[in-house]
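Each of the next two complexes has subunit A plus one other chain: subunit B in the first, subunit C in the second.
Our next item is the complex of A and B:
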């Protein structure tokens, strides 16, 4: 017989003290998802400067004086953008690792250790983010 | 009776598509980050280098597929999150079609950008 569990609304964040690993994973996955879709729209908007740039003369493109190259180079020259990129990486890595965890859970793999795999996702995200900082910051100073 | 917490329709195709795109995006997003941050570096970006990659048909088609799957996965995820929060009725229909329209704009703009790099005169 199926049992009834009334866990209440997870959206009721005032209950956060009662949350267990799986609920935090759900919240983080949702939060990182919102950030990623927001970024996708911004990313395409910035990359769209390639459309006017494609009409530039070859010499202008070779010198990197077109609007696309200039936009990216000036954005990448800002330390704030580099720091935000590290943030984006951590958000993406967590979403990917936790997403892999969700796919496995959906396939019935490792359901009993879903809390441990959430902690593993967090630790791996931290490790990958920290290890990537030198590459992401290179050339910003 | 046990409650269903999922915002997906029971046995729905969208549930499966969300997971198939997830598996694809896992690989392609990792490749995207690796290629554009570790192989090439952010401060070395130029129009000609981006164009050089996009002129290769395999790269161009992978990136278009990346755009399509990421848009679907992201926008469908947003829709599911809103349904989870209790979005119903007319509001749900309006938001659904707004999200569809936003997806179309994103995909069209993304393909125009890819075409500009690839030298395909459709932009």
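Our next item is the complex of A and C:
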């Protein structure tokens, strides 16, 4: 159907403005899902510096001079990383809350208020993100 | 309203001819006089309406998608603007009909019953799939943009090719089948009230294809049955009179790769359905039904 015919730009005219709650929830869920997958790989890369660090001597470890501690400290020293961490938290929280919402949808519970539960998960995500800012940003500036 | 214009001129000609040729009876004269006066009144009313429209008082602006593959100058899709005088209770379909009858007779769109039963005038109005005949104009923001249904091939102007949609609908065998008959030969196949209530909403489908057009998944996957077809499958799979054998057959159809499992619960279909069928709910219930059918604990 869609693949056989291209109406050109006119096909996508104003399509974005008119999305309903359920569609936005789907788009955000996909987006946050991809972000989390991307994060997973950087997470593994950072954590795997602990493998060479584990071979280091006790004195080096206690002094915090091993590769792993150095990597973490230098990363946390970057302002960009601090800000990205807040973003990561909001993405993860939204994905979790919307995932719970989708579980309810799959169970067929409260399908009529699926839009409200989407808005609720958005608001909760915002609140948790704001509350986390002091923890993540403290001492960054 | 607008269709009356050509008719009216005919009528006045007729009455003129009548009064000239024959010697009419008193009753005829009176009737002719009456008709003439009614015509005059109507003409006056229409003149007033035209004046109002000219003074730009209470007209609605329509931007309508135009495309005609048969005419060389119209092969490039474009938007045409129509100014239609607003009347109370006017629907998008009324406005389109006025535009077609008054300004451009080549404006093409499907419509039949004008009361949300036939399902032939689903369109993309201001960015949403709507039935033109049950969409009130005063609820819409101006200018009102009318386009053919997205994700379907445009045949001309607002007419899209529905063949694919009908194919999907027929794929679920949308008719009653059973091999369980009641005992007596003349016995009726009765349905319980509870069961009727269960499938009630799903029977309301008018095959307008608004849901299919709004579905993001159906847009990207041509094999996906689509909300309307799955709803049809629900209507029969949940009908207890069909019996266990037929239900198994129906579940086999809907639990295929491009059946219910393609649905990602975006709720677009439920939002646009002009008959308020809870499509997502039905699809989800069929998913659970399919799982229950395949789970074996022994």
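The rule we apply is simple: the second predicted complex is superposed on the first by the 125 of 141 C-alpha atoms of A that agree within 3 Å, B and C clash if a C-alpha of one lies under 4 Å from a C-alpha of the other, contacts with A are read in each partner's own complex, and residues count from 1 in each chain.
We take it that a contact is a pair of C-beta atoms (placed from the backbone, for glycine too) under 8 Å apart; a residue touches a chain by one contact, two chains touch by 3 or more.
Only a predicted model underlies this, so the values are computations on that prediction, with no experimental measurement involved.
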Which superposed partner A:50 touches (first subunit B, second subunit C, both, neither): first
Subunit A: partner with more touched residues, subunit B or subunit C: B
Contacts of A:76 with subunit B and subunit C, given as first, second, both or neither: first
Partner chain(s) touched by A:66 [first = subunit B, second = subunit C, both, neither]: first
First, second, both or neither for A:37, with subunit B first and subunit C second: first
Which of subunit B and subunit C A:106 touches, first, second, both or neither: both
Partner chain in contact with A:114 - subunit B first, subunit C second, else both or neither: second
Footprint overlap on subunit A, where subunit B in one structure and subunit C in the other make contact: 2-5, 11, 102, 106
In the complex, subunit A residues that touch subunit C: 1-5, 7-8, 10-11, 13-15, 17-18, 20-23, 25-26, 102, 105-106, 108, 111-112, 114-115
Residues of subunit B defined as touching subunit A within the complex: 1-3, 19, 22-23, 25-26, 29-30, 33, 37-38, 41-43, 45-48, 50-51, 67, 70-71, 74-75, 77-78, 81, 84-85, 102, 106, 109-110, 112-113, 116-117, 119, 123
Contact set on subunit A toward subunit B in their complex: 2-5, 11, 30, 33-34, 36-37, 40-41, 44-45, 47-48, 50-51, 53-54, 56, 61-62, 64, 66, 68-69, 72-73, 76-77, 82, 85, 89, 92, 96, 99-100, 102-103, 106, 132, 135-136, 138-140
Parts of subunit C lying in touch with subunit A, wherever the complex brings them together: 65, 77, 126-128, 145, 147, 150-154, 164-165, 216, 218-220, 222, 264-268, 270-271, 278, 280-281, 284-285, 287-288
